[in-house]
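The following blocks contain the structures, represented as structure tokens.
After this come two complexes, each holding chain A, first together with chain B and then together with chain C.
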Partner chain A sequence: MLKMIVCMKQVPMVTELPWDAKTGTLKRELSEGMMNPACKHALEAALRLKHEHKGHITAITMGPPMAEEILREAIAMGVDRCLMLSDKKMAGADTLVTSYTLARAIEIFCADFDLILCGCHTSDSETAQVGPQLAEELDIPGIAYVEDVQINSRIITIKRLSDNFLETLEMDMPGLITLTTRNYAPRYTPIAGLQDAFDEPNILVVSADDLGLDEAFIGISGSPTMILDVYSPTAQKKNIVMQGTPKKIVEELLERFDDRIGSVIRKDLKVEK
Partner chain B sequence: MCSARLIMPELNRQYHEGVKIEVDFNPCMKHKLVRKTVREFAEAELGPIAHEIDAEARFPLEVIEKMRPLNFFGLQVPRRFGGADIDSISYAITIEEISRVSGAVGLCVTVHNSVGVFPILKFATEEQKQRFIPKLASGEHIGAFCLTEANAGSDASGVETHAVLDGNGYIINGTKIFVTNGGICSIPLIFAIADPGKPSASASVFIVEKHMPGFSVGEIEDLCGMRANPVSSLFLEDCRVPEENLLGKVGDGMKIGFAALDTGRIGIGAQAVGIAQAAFEASVKYSRERQQFSKPISSFQSVQNILADMATQIDASRLLVYRVCALKDSGKPFSKEASMAKLFCSSAASMITGQAVQIHGGYGYSKEYDVERYFRDAKVTEIYEGTSEIQRMVISRNVLAEPM
Partner chain C sequence: MKEDKRSIWVFGDYRNYFQNRVTLQLLSRATDLAKEIDAEVCAVVFGHEVDEWVGEYIAHGAMRVYVTDHPSLKNYSSDIYVELMTRLVKEYKPEIVLVGATSFGREFAPRVSKILGTGLTADCIGLDINEKELLVQTAPAFGGNLLARIVTPEKRPQIATVRPGVFQEIPHNYEAAGKTVYVALPENLPNDRVRLISSLRQPAREQRIEDAEVVVCGGRGMGSRKKFRNLYELAKILGGEVGATRPVVYSDWAEDEALVGQADKHIKPKVLFSFGISGAIQHTAGITDADFIIAVNKNPHATMMKMADVAIVADAGQVCTALIRELKRRIRT
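Presenting the complex of A and B:
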């Protein structure tokens, strides 16, 4: 049995990001939460591997009590077990301390894992650090920005785009990968799954004490990162003028942006072609 | 937009026991997640085609195909028949969110689940349930409820379709009109009378199957709104229906019909809320963008007043729907409350969608914008599943029967 762990984070819903214009920060208390998109793609990859290799998936999140919602969603989509690291002492953790906390929880509750899947970055902070740091903490091999993952016996084979080259890499188990949002468009959640997710209280909530963690090494007090400024990335808009007959323009448009259009409309346009 | 944060009154156990009322206006995590899940699906799958399927009067079978494995056709069907078995508030939220994007598809789903499937769940024998429910719950079969005729609508006792006992079955003759899902239904419930001398006392409901000789589907109606739903006539010409397809007993028709309609009204209320919500969101967006006299029109008090009224009406509508859902799930009678919710939500939706057209001005009257579709779709919520006049009749009857 392939034992997988999917790490996920609840992020503010993209459609309703309430920014505080004065401070330039996010008013998190006003926003609805959702599963970070890249984490959802990682979950989808895990669900497909589970189907293929008769696997078992544990979903883990660290966050405030409201983050339970994404674990319920994960159950509805098909994960087998959930672990929630929730403790006021863990609040304010930077990426280093988050990886440290996750690693200790994994060592205690699911030490016999084969593969950890993470989203490559989160939509609310974009650091892309937690996945690779978690691999370091657990002292296992890790590959970031994965677009395709296959498993044969105990070998993990992945594909990723790196500087416009498609790399194929192999890694021994246990290992960690972080997934991009280019492939593995997440499945829709069945309504029956949602009902099940709330019928069974199968989420294990873990505190800092449960993990035997010293307050000095977790949360804001353990975090060495200092945030100097938070700002929105400035969009670099460029107009592209396409010329020719409408048919030719549409074909060219699809040719150039098939992956982006495909991810929005949830269709693999490469296959359809 | 705002609806994800709006509210679910969850009446606690004590209320069910009649001790006191305690209402929690915060949506529970499950209901929030149901809303997000259905909204995500509806916006991704129906959003891009909602305008087109209305313009072409095309039923989007390709989306229905995707809805089947997600349990949209067995929302409140027990697990043993393959349904999702969700609570009524989750049901209402589901209908609301589909209708927010496409009223016509919301109509298909609510009619199938409420008046199409519910009567079989409630009144059928175990053998009938085993035969029909699993395929309805999976969406392989689409249901419909056929009461309306040329001379019978609000007055169900005017039904002329009649069933004559013939050996171990019934021969049914008659024509049903304005059947929602008519063009795609495979297991319609047909309302017929067994004794023309005693129409009410002999009214009965038959589970007709599409393949039965003598059953045929008429032309799809050319309607003002809900154009993507294949509303049609159904013809029964010497249609032989075996005895084992009779739902309940001969004479149970009125009882089954009223129970079905009570449930159906919850869905139509929720549908009206969804359409109104869409019109409201479009109006807020447009009024912020549209500049007149060098200002966005949302800065004018006359527009602000309309938006305030819209928001208030939608909020009240939603609360009425969730209240009747909570009542239904607690096992209490909910006929009056269902009629109240349906009456209020449908007239609010009609008003709100009209105001949305007004806010959009000339653009609102154009087919390029969605608000004229909302306007056309909303109107019929005041007509089907019992007209507003019939709802008032049901409500007043209940009110007058209550002790002073």
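Presenting the complex of A and C:
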């Protein structure tokens, strides 16, 4: 039996982002959540391995109560067991602390795992750090940006494109991989399955105390990084408006921005007067 | 001597040199930052027969280079490189460590920061020093729709991975004096738990839209397949690539590869033309790194027009044709 863990995070759906483009503030609590795309690909990879090797999958997420939705979705897609780490004390965690918290939960609730699958990065924070840091925290080998994974007699073989190199790597179990979105297009979640998943009670909700976590190491207080501010880069455009006939407009455009455009295309756009 | 002078370190990522010059770009930025906190700029190089890179880094601003040169380091290995790096950092205690946000760097840096128990900011597009002498790291979130400024107030070193192409390298100076510090390969290194079976360098790809300096993007507002094809002529004159929105790709006006947006195609041209595009967030998530945006739309209130440096209120097809004509007139060959 191949025992797998998929770490997944709920991220705001980018279409629904209630953010103010002028000030760049984001009302995160108003946005709708979805399973982070790369996590979904990781789950798909796990489901295929489960099918091939008679596996068992535990899905884990750390997040607010609402993040339970993605665990329900994961059940509908085919995971066997879910773990939800939810506690106000865990809020505001950076990646160092997230990986610490996930590792403690894994040690307590699924210590005998063979393979952990993570997404390569999340679409909100985009750090791509939690996977490698979790491997480090659990002191197991890890490989990031995996595009293909095979398992044979307890050896994990992966393929990936790392910078300009097409690599084949292997490691022994237990190990951790992070998946890109290039392969393993996720299956559709059956609507009926989704309804059933919401009826199913079996999500284990775990608090910081259940994990025996030291408050100094979790949440915002345990995080070494600090966010000074968040802003929208597009809010600062000067925005020159041009109107008129197309011919007049392009003349004006190239007259005003001949240097700006010319230097990029490496051509002299000035007309001799 | 060891601890009285502060230092800024740059990880020497030479595997894809000359194409990927991020290490040189970081040495350049580190040189500016070092002036503000009175620090020494150092590079760190692991590998086998790496003298060439050591010379290159000194020529581009490194005052000191720590080198571990050994046949067993011939291939990049995150396990071993992480071990070597953390040992060096513990010994010499740099203030700041900068790593290029290559695939390798983005796997390597998180593990180094984890072992050292310090903060890491990923994929930065800006680095500055503030009045408290802290490294202010600007990093994108939500596909670049938002930028966050992040500091690591207490833990050291402050570690950042930095996106290639953000900073300008300093021209080389092969007369520059720099010290080389050879660090022997430690004897008690753990085994590499990841075994390299094969590694094939891929042929350098032809220009991809992700790397293009000029991109001409078209949306449904181009009106027809025929008019859309004019964008290819415009792109050719500009030496750029054509991008498209989803409806355009679905209508087969452009091939799948041209799709720009949230999905995965993030472009970062110096000049972006946007023709007949409304500016839905799934599309704009892919263009937030464009430097200079010229948008054409009949509707002055389209989101795309608000994001633009130059917002042209007119028919997209007609502006495209007029622009081709005007460029041809100006570029005499």
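Observations on the structure shown:
As a working rule, the second predicted complex is superposed on the first by the 222 of 273 C-alpha atoms of A that agree within 3 Å, B and C clash if a C-alpha of one lies under 4 Å from a C-alpha of the other, contacts with A are read in each partner's own complex, and residues count from 1 in each chain.
FYI, a contact is a pair of C-beta atoms (placed from the backbone, for glycine too) under 8 Å apart; a residue touches a chain by one contact, two chains touch by 3 or more.
Just so it is clear, the model here is predicted, and its values are computed rather than measured.
By the touch criterion stated above, A:Y188 is placed in contact with chain B alone, chain C being left untouched.
Of the two partner chains placed around the shared chain by superposition, chain B is the only one that A:M34 touches, whereas chain C remains out of contact. When the two structures are aligned on the shared chain, A:I240 is found in touch with chain C, with no touch to chain B. In the superposed pair of complexes, A:R72 makes contact with chain B only, with no contact to chain C.
In the superposition on chain A, A:D172 contacts chain C only, with no contact to chain B. By the touch criterion stated above, A:A111 is placed in contact with neither chain B nor chain C. Shared-chain residue A:R260: touches chain C; no touch with chain B. Chain A has more of its residues touched by C than by the other of chain B and chain C. Once both structures are placed on chain A, chain A residues 265-266 are touched by chain B and, in the other complex, by chain C. Only residues 15-16, 19-20, 78-79, 82, 102-104, 106-107, 109-111, 113-115, 117-123, 136, 139-155, 193-202, 204, 213-214, 238-240, 262, 264, 270-271, 281-282, 284-285, 288, 292-294, 300, 303, 305-315, 318-319, 321-323, 325-327, 329-331 of chain C touch chain A when the two sit together in their complex. The part of chain A that touches chain B in the complex is made up of residues 16, 32, 34, 68-69, 72-73, 76, 188-192, 194-195, 197-198, 265-266.
Residues 1, 4-5, 29-30, 32-34, 36-38, 40-41, 44-45, 48, 66, 69-72, 75, 79, 83-86, 90, 94 of chain B are the ones that touch chain A when the two sit in their complex. Residues of chain A that touch chain C in their complex: 12, 14-15, 17, 19, 21, 24, 26, 94-96, 99, 123-133, 135-137, 140-145, 157, 160-172, 175, 181-182, 223-234, 237-247, 249-251, 253-254, 257-258, 260-261, 264-271.
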